[in-house]
Amino acid sequence: MAGFDKVVNSYAEAMEGIKDGDTIIAGGFGLCGIPEGLINEIKRKKTQDLTVVSNNCGVDDFGLGVLLHDRQIKKIVASYVGENALFEQQLLDGIIDVELTPQGTLAEKMRAGGAGIPGFYTATGYGTPVAEGKEVKEFNGRPYILEESITGEFAIIKAWKADRYGNLVFRHTAMNFNPMAATAGKITVVEVEEIVEPGELEPSQIHTPGIYVNRVIKGNFEKRIERVTTSK
Amino acid sequence: MAGFDKVVNSYAEAMEGIKDGDTIIAGGFGLCGIPEGLINEIKRKKTQDLTVVSNNCGVDDFGLGVLLHDRQIKKIVASYVGENALFEQQLLDGIIDVELTPQGTLAEKMRAGGAGIPGFYTATGYGTPVAEGKEVKEFNGRPYILEESITGEFAIIKAWKADRYGNLVFRHTAMNFNPMAATAGKITVVEVEEIVEPGELEPSQIHTPGIYVNRVIKGNFEKRIERVTTSK
Amino acid sequence: MALSREQVAMRVAQELKDGYYVNLGIGIPTLVANFVPKGIEVMLQSENGLLGMGPYPTEDQVDADMINAGKETVTAATGAAIFNSAESFAMIRGGHVDLTVLGAFEVDQQGNIASWMIPKKLIKGMGGAMDLVAGAQNIIVTMTHASKHGDSKLLETCSLPLTGVNCVKKIVTDLAVLEVKDGAFYLLERAPGVSVDEIISKTAGKLIVEGDIPEMQFAE
Amino acid sequence: MALSREQVAMRVAQELKDGYYVNLGIGIPTLVANFVPKGIEVMLQSENGLLGMGPYPTEDQVDADMINAGKETVTAATGAAIFNSAESFAMIRGGHVDLTVLGAFEVDQQGNIASWMIPKKLIKGMGGAMDLVAGAQNIIVTMTHASKHGDSKLLETCSLPLTGVNCVKKIVTDLAVLEVKDGAFYLLERAPGVSVDEIISKTAGKLIVEGDIPEMQFAE
């Protein structure tokens, strides 16, 4: 790999270096905008004792949920895990540990992790179980809690298009957590629908600059939909 | 003004409600991407005792510098004021107060102000005069200082295009501080080169969603360049 | 008679103002979008990253990449903006959303709300609810006034883990519209045909009833 | 003989590695871009919001909306990205920039740097310098070894207000290349024809000279 060409050609290469005990930051909201192939590669590699940071944990047989079958996940940091019966079972059985984190706090923790901000204050969660053990500080008479940033050994990201330099563009609401997650990984791997040449993406319309991205792979996506709702 | 149409047709309307003692958050970097007409309107209105939050204070006769002539600025929060002799003189004469703030900290303070984050920790400025009087906290063995967010009565913004709903797109590096400043004003006024109809801007390519914007006005811009540098 | 879900949504819709940016939670709040009064425009914010949520798509418009916070397929309205989740919650936490409507298990007279967890029974997570109640200037809670077993959901102190403190300003139940202030529930309106006595009997927290309580008005 | 500004830049350029994202300060650091070694690609970050800074524009390419952190008109290189200043400093503060090269008034043996203020004389502001030195993993300072009056700029303790603490790892002056570690300056290389004695005499801070100090090598 010379210069800034970040394209890799196999999933093995894409997830090279992942090891037991790693923290994985994953983009996606529900099943929307998730790096399907990278998740499957982690399943294939049978990496154990993972801490997964992601808004959700997929469903039983799709998305991050597939990592539950072989008990690859030790802990998950998420805002909502309600779509996943296996998850709930493992939680009740004490196999998996969960740190429920408000959605906006989670997004901001990832952003802060990437931005060199180790902690920030938010009113979100003050006075609730989320605040337990956290420092409280008043600003202008209102109490806020201190939340710490999150980083991980790997970030796994789904984007629409990438150029070879790793500049990313996301499509519609499949953007969601992906841009923040992309900044918070020590190694950030991106699975995309289309790889283009540098210069094809308009510079001021790039959602994630390539500086955050280490590896890019072209994937094939099932794009399963959780709730198809239509109007006539 | 019905629904979400935020277009106003006069500068008087655009800056209506500004009053002595207000804090004005201004977008722009040097003379690039500055709301020229809004600044001139503030000059015309002779509003006094302003606190101006902006990366720079323009030059003597252009940009925010024009507000110095009638001593309209009481205090400025900026990272660099080196291009402005009148400013330096007023500073030495004690007419104006300056709070020099590192550029990245300033950008983040504006963003935090708009995002409901009253304070955040940064290593920037630790051990320097910037840290004086600020709380220090260690994260992972490294000391960080607590910086507080900034908001203002008005934010004055320069964008390239706006739709009538106030969705904004910026052009090239004229983006700079504008998106963060736009979130930090109680009333955010945007001067643009072109107003388009809702639907003309691609939703996922909007830099600033209209929810942050209160008023939009079409301006005419001189776009003065501070340092024309060319290659043959 | 107690209001139907649709009627609760209709009553909430009367609180909308022209130009409001609104976040509607799952359930009854979602229905509010169907009853926006004539002459009023509102824009719906969906916390996964969409400002200007449109109607559900037709079958051939369905796009896996265009969903709302309830993970339903939706469309983007004309003039919509799409952004990442940090930006979405900056908007919410920063108080830029004019109105948040959400459901709850319980509300208490301090304006505390419990809506996300029933210990040992329901541990799905809070999603964006804690951010919404912490960030919104204006929160309306919709819920049935009492549980199926007749237990009041308007309490002196919430019994379930909280979603947020001192944040609920207004409650629209199937029986009444109430304001929360100064440590009490103020009865503002009652559902057509519902007596003040019934509301009193089904409100466990401190309830203030001042003067005649009008019936809710619904447009024809 | 002391190096010229160009030679200092040439020596710094030898520190570049293929695939580096680099932020170059104003002055000598800017010149480094002219001496990128063959076979190596670097991408220049400009802290106003440009990753992939290209050469200066031709006269008819000049665009007021396309400037660098020095407020000079520039171009965007192929594959560039443009973003807002919060994003730009997230990149810097978060340690994503591989190398920062900047000038200084003084550096001390603790790796502290003073580069932005001379009390009662120069109060222009720090711009992005404090963020850059706090965020970069790898900082090279370029400056003349001593002032025009012969006063050393490599001190035991900086006398001027600091820009950052314990952050400078390497210094390239007109006389020498030095590493800063364990509370001392380690002499690594000397400019061609400059004696170790001269460097010793012009270094006020603790200087470690171990073994033979090679001359800097410049490619033909």
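Order of writing sets the labels: A, B, C and D. Residues in every chain begin at 1.
The working rule: contacts are C-beta pairs under 8 Å (C-beta built on N, C-alpha and C of every residue); 3 or more make two chains touch, one makes a residue touch a chain.
Keep in mind the model is a prediction, meaning the values are calculated, not measured.
The fewest steps needed to get from chain C to chain D, moving only between touching chains, is 2. Distances between chain centres, each the mean of the C-alpha atoms, put C farthest from chain D. One finds 35 Å separating the Cα centroids of chain B and chain C.
Separation between the centroids of chain A and chain C, computed from CA atoms only, is 29 Å.
Among the residues of chain B, those touching two or more other chains are numbered 108, 111, 115-117, 122-123, 170-172, 175, 203-204, 207. In chain C, the residues that touch at least two other chains are 50, 76, 82-83, 89-90, 92-93, 134-135. If you draw each protein chain as a dot and join the dots that touch, the picture is not a line, a loop, a star, or fully joined; it has some other shape.
Pairwise, the chains that touch each other are A-B, A-C, A-D, B-C, B-D.
Contact residues on chain A toward chain C in their complex (touch as defined above): 29-33, 55, 78-83, 88, 91, 98, 100, 102-105, 107-108, 110-111, 122-130, 160, 170-180, 207, 223-232.
Residues 1-4, 111, 113-117, 163-165, 167, 183, 198-199, 203-204, 206, 209-212 of chain A are the ones that touch chain D when the two sit in their complex.
The residues of chain D lying in touch with chain B in their complex are 46-50, 55-59, 61-68, 70-74, 76, 82-86, 88-90, 92-93, 112, 117, 123-131, 134-135, 161-166. By the touch rule above, chain B contacts chain A in their complex via residues 108, 112, 115-123, 137, 139-140, 142, 144, 148, 170-172, 175, 203-205, 207.
On chain D, the positions that touch chain A within their shared complex are 18-19, 21, 41, 43, 45, 50-52, 76, 78-83, 87, 89-97, 134-135.
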